[in-house]
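Below: a set of structures, written as structure tokens.
Two complexes are shown next, each including subunit A; its partner changes from subunit B in the first to subunit C in the second.
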Partner chain A sequence: MKDEVTREERVENLKGMGCSRKRVEDARFTQGKGNYVDDIKLDGMLFGDFVRSPYAHARIKSIDTTAALDVPGVLAVLTAADLEPLGLHWMPTLAGDKQMVLADGKVLFQGQEVAFVVAEDRYAAADGIELVEVDYEELPVIVDPFEALQSDVVLREDLDPKAPGAHGPRKHHNHIFTWEAGDKEPTQEVIDNAEVVAEESMYYHRTHPCPLETCGCVASMDKVNGKLTLWGTFQAPHAIRTVVSLISGIEEHNIRVISPDIGGGFGNKVGAYPGYVCSVVASIVTGKPVKWIEDRMDNLMTTAFARDYHMTGKISATKDGKITGLQCHVTADHGGFDACADPTKFPAGFMNICTGSYDIPTAYLEVDGVYTNKAPGGVSYRCSFRVTEAVYFIERMIEVLAIKLDMDAAELRRINFIKKEQFPYTAALGWEYDSGDYHTAWDKALKTVDYDGLRAEQSQRVEDFKAGRTRKLMGIGLSFFTEIVGAGPVKNCDILGLGMFDSCEIRIHPTGSAIARLGTISQGQGHATTFAQILASEIGLPADSITIEEGDTDTAPYGLGTYGSRSTPVAGAATAMAGRKIRAKAQMIAAYLLEVHDNDVEFDVDRFVVKGAPEKFKTMKEIAFAAYNQAIPGIEPGLEAVSYYDPPNMTYPFGAYVCVMDIDVDTGVPEIRRFYALDDCGTRINPMIIEGQVHGGLTEALAVALGQEIAYDDMGNCKTGTLMDFFLPTAWEVPNYETDYTVTPSPHHPIGAKGVGESPHVGGVPCFSNAVQDAFRAFGNTHTNMPHDHWRIWKTANDLGLHG
Partner chain B sequence: MSKKMHIKLNVNGKDEEFLAEPRELLIYTLRERLNITGPHIGCETSHCGACTVTINGKSVKSCTMFVAQADGAEVTTIEGIGGPDNLHPLQEAFKEHHGLQCGYCTPGMITRATKLLEENPNPTEEDIRFGMAGNICRCTGYQNIVKSIQAAATEMNAAKEAAE
Partner chain C sequence: MIPAAFEYYRPKDMASVLAILEEHGDDARVMAGGHSLIPMMKLRMADVPHLIDLQDIGGMSDIVIDADGIRIGALVTQADIIDDAKLTAAAPILREAALQIADPQVRYMGTVGGNVANGDPGNDMPGLMQCLDAVFTVVGPDGEREIPAREFYEAAYMTAREDDEVLTSVSIPPPTGGYAYEKQKRKIGDYATAAAAVQIVKGGGSCVSASIAMTNLSDTPVYSQAASDALVGTAVDDAALDAAVAAMLADIDPSEDNRGPIAFKKHVAGVILRRAIVRAWSRA
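Here is the complex of A and B:
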């Protein structure tokens, strides 16, 4: 009977790795049946909201809550004075600093949490907030990190200016850390003696991940059983449980953290925020569940900004373009508290991947973190710990060097790429790149877009412009990026001391279906679809028969969560490894059932067959049943496995992007004519989802490069607190993208997958930016800062004298 | 706090009657009073469209409309567009063409798209991009949303033709 089904059909039935399986998540989302945090409604649930500081730097002289407490429906108003006896008025940040939960004597940024009003509903809470009287005394405001390092004004009065910080000595009372990588003197020597040196300063502006769903939580303290349940928009639910336990003193087994459906994260939902702490305290105080949900203004102004890196670089080369050295200094604006969410040993994340895809023999990086009167952060916005900044830096430096050498930027990249045979390649700043084939990807990209043809067209356009035949310039944006994702090996990656492994636990049911639980949490990436595909291929049961569950710390194995493109490289590996444990036991069961030795059966798609006798087999479904109904000598009943996977290395996805843009010099409006994106993320699990990730990442790249910014005035007022001012592209502004790929599997990952979610953002930002800058290259432009909004593009044209 | 008003609504075919403060926003009426949680809140300023519903035949952002303004209206949310036994072609097309990722914008997106296709059953890509510009998606880059709407339009036109 089964023989009528071909092997090909059996493979197809599994919907395993490599197929564009439709997403299992979509049924509920398309019917309005998702379950996001703000959808949670519990009996007697209260609503908490913050009184926030209108000032960026001020002393708090007094807080009067009397009038607020008289508002009908307002039950409590928490201030730092209420939290202090519990030791919860401050909390540790993931970066080794501490942060005020509620303003303790002063505020350090506009929008900072001053008091927490708890009321029967959100309207009563808002009424209460209006009536909390806070007496502020304004202090001098510093929004510029360079000024902060010169100023006598002490921002963080709670810190001993002489004592070292979490990452070593501090140079000044507003200085946080200095972090170095590479060889300082040798690099300086190479640069001093180089034939050619290009130098550039660039500001990677402050922006924000801005997922469509803001951050929020519901805390419910069950005093009868002593159990706290905390639902929240957490990208790392297990780490949040540990943090809550450490700061509250509630034992970890009495805390259940649940991340339900999450409406996008992009790094915004990794950290721990004052709203979580206040909700927990409020629930303990009132004995009722308490919900806290940010509004958009709270979100943009206070939780988790990204970037804000002032970068200065020098790159040296021979006259014919061989790069010899790279130097980079960063002044990093972290705002009022250092609330980055990087692995502990990396206070500037993986900025030391800034030698990019190039074989650069000598390099040196130095990063200085600085406090200012701006919101605390900064997180990795759709990127693996500052890789976006690193790739932007090197991809701009390459362009600047190409200008200095009067050389084609594509050719300059080509002659400096790390060669295929050099992998595994140890970069000058320390990372060991696992695999790559950059030349193949680059050649494919340039050929597909007819690069030479584009350059010829561009030259003609310059002629036409100079002759007055057109007012539009043409820019060709190039970018070749190498990501470093999948953090990470426990030997060098931890957050708050928690090793950055991840996990998967599989339970096969008697009838041949299964549930697998992971330490990660999907925020739109489609884990329920793709992890089932990995398992289908590994254990031979259809993906449609496998439930994937994440986000409940009472049931899921411990893992560090989803950010930094780590789900597939780490949890995906754990899934494959747990699947292989299932398969190993299934092999013994099959051999017993087939009455042969273990080594005489082999796995084939969805079954074990007797070697040399393909008609003798047991399907995985049959084996699953046998695991539960047969007494097999020497084998425990049941079919379950768990794997905690500590990756031996990061993975290094890469890609080649080309953007063709027309720019109207009189209006500053760019029109993206073509965008080609070639991604190599190793083994491809679900091409449909990969393409979707690429489209989305590129769109977030477009946003950052062309207009998205968190801006402040000199008083520390955030000027971009709503979507009126903060640019999120609509369907009207976004082009169609062409996607392409090569496949260079990771040699150390069980299925060779590298992760893809962040690549398009990391590679996309410099590509869009380079397109704008390239349009003006023929007129003397070397560098202008992002975001390239219409005004700034117009200004560039004007500065170059193109308006006549 | 102010005096409560007597409000009548018809939501997804069901009559609702209640007292509400005039300042109550329609999105909270739907989500918190009536437990209709399909429409979401993304910005509170009418920019993102996550809260899009249909009111008396028009696409409306329910986060910036007082329930008092909707008194007497017919309101349709994603829940009224289709369910497990009667999926709307748009709901099927969004799944088929990967027109969603985190799903947060999806109810508003599909609700808006139903109106777009009523107003213009044969939209060009440009029509779709312009007609959907009031709904923001942070995940998909819109390419597959456009594809989904095009596919649903084709499907709906074919069904209409077959019925005629």
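Here is the complex of A and C:
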């Protein structure tokens, strides 16, 4: 057979790795044809919604549901008393704590779920909610974790104050855990004897992932067959199935969990919420499907917040800037229940990546988790577990040290970076960084933005300001981050005892197309596009002929889901490995068809060719057909493979960011003049999708750094429960991002990829913040807390005496 | 975020509107663009058992410009204002202000009448209309009457309009001189941290007349006669700017919210007014 097509064209036809293939998902999303949870409509479907507590801390003396039950269309009102006989009035959290499904005697945060009204439609449910009469007795409210640790007020009366919690001994009745990493005494010694020590306290404020689509589910119990189907906004559908089985007693094979299209997750949709449990119970009770969908206020006020870390640090160095030690203490505000979503052994996530990108010989980290009267959560908002906190901490400490040393912060970073030849590098707090080339990335970034030129311009600006020629200051924000993603090795990462592997199952159809199913679930990341590209390169069938399916536990292989940038590092690896199994079998089939020995054929783009005789080949399409139509001795028919991938290590993407900002000293308004982002995520599967992810992550970084927060008053009232006050930036507030890259493949990942969805958020937050702080450095500022909204920036200027 | 049940009316003429208002009293309310009222109903902060949609009432969507001035129908949207070239030529401050209200989607729905009748201190048009010395025409069971914008606002959500009256149009004397609408906000779609509407007439190098009103710095818009007076007769130099700002600060009474504390708001109000005056003066 003569081949008309060049090898180059064959590569192009595959649309494999490295090509900016257009997102296959977008055809339906841009036409409004997505299928989200709230689009699901079933015959006879009911709606459930919550009566929520107006108080942050109160005892519940009584609940009267009579008037609510009189509302036409209201069918039932569930309270803790109804759930108790089923043992479902409390549920386990991912962090080893337990959480009330419906208020059991008291409430611990404003917005807490008190009763669940089930009605024929949303309107009746809303009217019913108004009429449930709850008699509250207000209790003293604690919104400050430091106060919580001193207070006699016991928040969690259900816990034995003397008994250890899930992560060891508790120091106080409002204390949850202490978690340590590194060497306490040696670090103290280094700091005590250091030439220079810089010290800073910083509050990384509470915020919220705020996906455009809020959380929700539809539970449908088929009483005849005993099967429960649960559609939901789940970032981890299989884990949800296991949890539902464990707490409901329904056997796992009788539960089918489906995550349809998901409108963003960012960590908000990892955990299990009372709405899921109540919908399932309501469906069992009524025998009808029950839908529960949060509104925006419910979402912001009650389901998983992020951050809320009070961090104190000391960093020591020699006089010429070589860092010798790092100490960090965190007081972590977890709210009323510890519902963080972290691997079991990591109650503070991977906060111990806080030595950052630097070769710091000695370090010590201690985290205290504390209960307060705030909503539970503590999820990783567009980052791997607590990595934004860690990177913010170290990138601020570096700046503070630079000020103490009177040194340029870019230079200080450069002289402390882990060097290329030190990888794999074991950090003082335990992680083994797989690969990196920080100096190359840093030099490229600084050169591209003309760093020296920017500094010269900034000095001139300071002079002009002092001379009264301008009222605008210029800030240069720097940040160099190392992420730790791809959780993770089963030996040290599990959630509720489930190892954090992931999976891919491939079926090749006779005509040379394929379907691959994964244990992950896209929430907008474009898995259907990129995973097909990985496979195209691995198995030689065009990406356009490969369907990627996720999110249905009846069909997808078991996996731990999508968060912490783990999909490409773990499920992407499983995809490549499963693809290689397909290829291995295809090789045998090809050899049989070509009548040569297995080792005499080799893979070439989309075919196997006889070594030394390129005109003799069988395309993958031909091989696929043969797998189904020929009896090949010693080979089973069919062409399928499955791979469960347990990663040997995490992957460590990194990047270098620079932000140039002009700040109006009189109004506190910042203007971002330039934002340059260099990302190294290892092998690049789809550059266009990477760029999109970087834009998204940076925009959420801008949000967090410049205004986005969940704030409470002293009474525990959430002050930022709507998008009027919760800052969600639009295209208007966002600058033009310049993106760039270097490529340092992961040595242990089958295709060298590292994950990129969250890096820009992790690196972006300190970059925006550092730009604000840097603008005021010449006037004596060392640190001010985020979010840098107008009034806080104004206050910094005011405190520094810049308003005359 | 689901409103309580309500009865929906869409009458074709004003007489029917007034009849429904009369029948249901406090329980009835008119709706124009709905972009202030519906959110309040969804939050169940406004209880409106009888909702009267004004969209089918004719004759309230016109912009008339003649020698006597400008007459804007209550149902004219913010987007209409932005798109009307003749209006922009006659009173450019209207367009400059409308472009700083909300976002395009809201501006297609939000009306001038709703914005000025709402009585929310955050609305931009009340201050703007005070600056322009507009007059609001309302119609009720006893017929039509006119209420000057500068006398319309009593407290947050409390205005001189009676519950059974409907605002039909806004009349503005032809503005002259330089203008500026300056607004600081946290993001697109946000109400003002501080906003200033300024019109200045220049004659022979000095200020002949000035009009200044501030938004979201008290529980009503603030027309500051004193600040305006501080500019008249001056060359709008630094001393005059200082005096105008000081006079304005004496007239406002901001409260703390998520935008910041009082001291910040006062400071920003001063900066914003100063900038507005400078820009208006440069255009005078």
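One rule holds for everything that comes next: the second predicted complex is superposed on the first by the 802 of 804 C-alpha atoms of A that agree within 3 Å, B and C clash if a C-alpha of one lies under 4 Å from a C-alpha of the other, contacts with A are read in each partner's own complex, and residues count from 1 in each chain.
Quick note on the criterion: a residue touches a chain if its C-beta (ideal position, glycine included) is under 8 Å from a C-beta of that chain, and two chains touch if they have at least 3 such contacts.
Quick caveat, the model's predicted, so the values are computed rather than measured.
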item: Partner with the higher number of touched subunit A residues, subunit C or subunit B; value: B
item: Subunit B versus subunit C as contact partner of A:Tyr36, first or second or both or neither; value: first
item: First (subunit B), second (subunit C), both or neither touched by A:Ile262; value: first
item: Which superposed partner A:His790 touches (first subunit B, second subunit C, both, neither); value: second
item: Partner chain(s) touched by A:Thr730 [first = subunit B, second = subunit C, both, neither]; value: both
item: Touching partner for A:Arg122 - first (subunit B), second (subunit C), both, neither; value: both
item: Which of subunit B and subunit C A:Arg296 touches, first, second, both or neither; value: both
item: Which superposed partner A:Glu505 touches (first subunit B, second subunit C, both, neither); value: neither
item: First, second, both or neither for A:Leu212, with subunit B first and subunit C second; value: first
item: Doubly contacted residues of subunit A, that is, touched by subunit B and again by subunit C; value: 122-123, 127, 295-297, 724, 730, 732
item: Parts of subunit C lying in touch with subunit A, wherever the complex brings them together; value: 1-2, 4-5, 44, 103, 184, 186-191, 193, 258-261, 264, 267-268, 271-272
item: Complex contacts: residues of subunit A adjacent to subunit B; value: 22-23, 25-34, 36, 38-39, 41, 72, 121-123, 127, 210-214, 261-264, 266, 295-297, 523-526, 688-689, 691-692, 695-700, 722-724, 728, 730-732, 734, 736-737
item: Residue numbers on subunit B that touch subunit A, as the complex places them; value: 1, 21, 23-24, 28, 31-32, 35-45, 47-48, 50, 77-79, 82-84, 87, 91, 94-96, 98, 100-107, 110, 128-130, 132-146
item: Residue numbers on subunit A that touch subunit C, as the complex places them; value: 122-123, 126-127, 130, 295-297, 666-669, 707, 711, 719-720, 724-725, 727, 729-730, 732-733, 789-791, 794-795, 798, 803
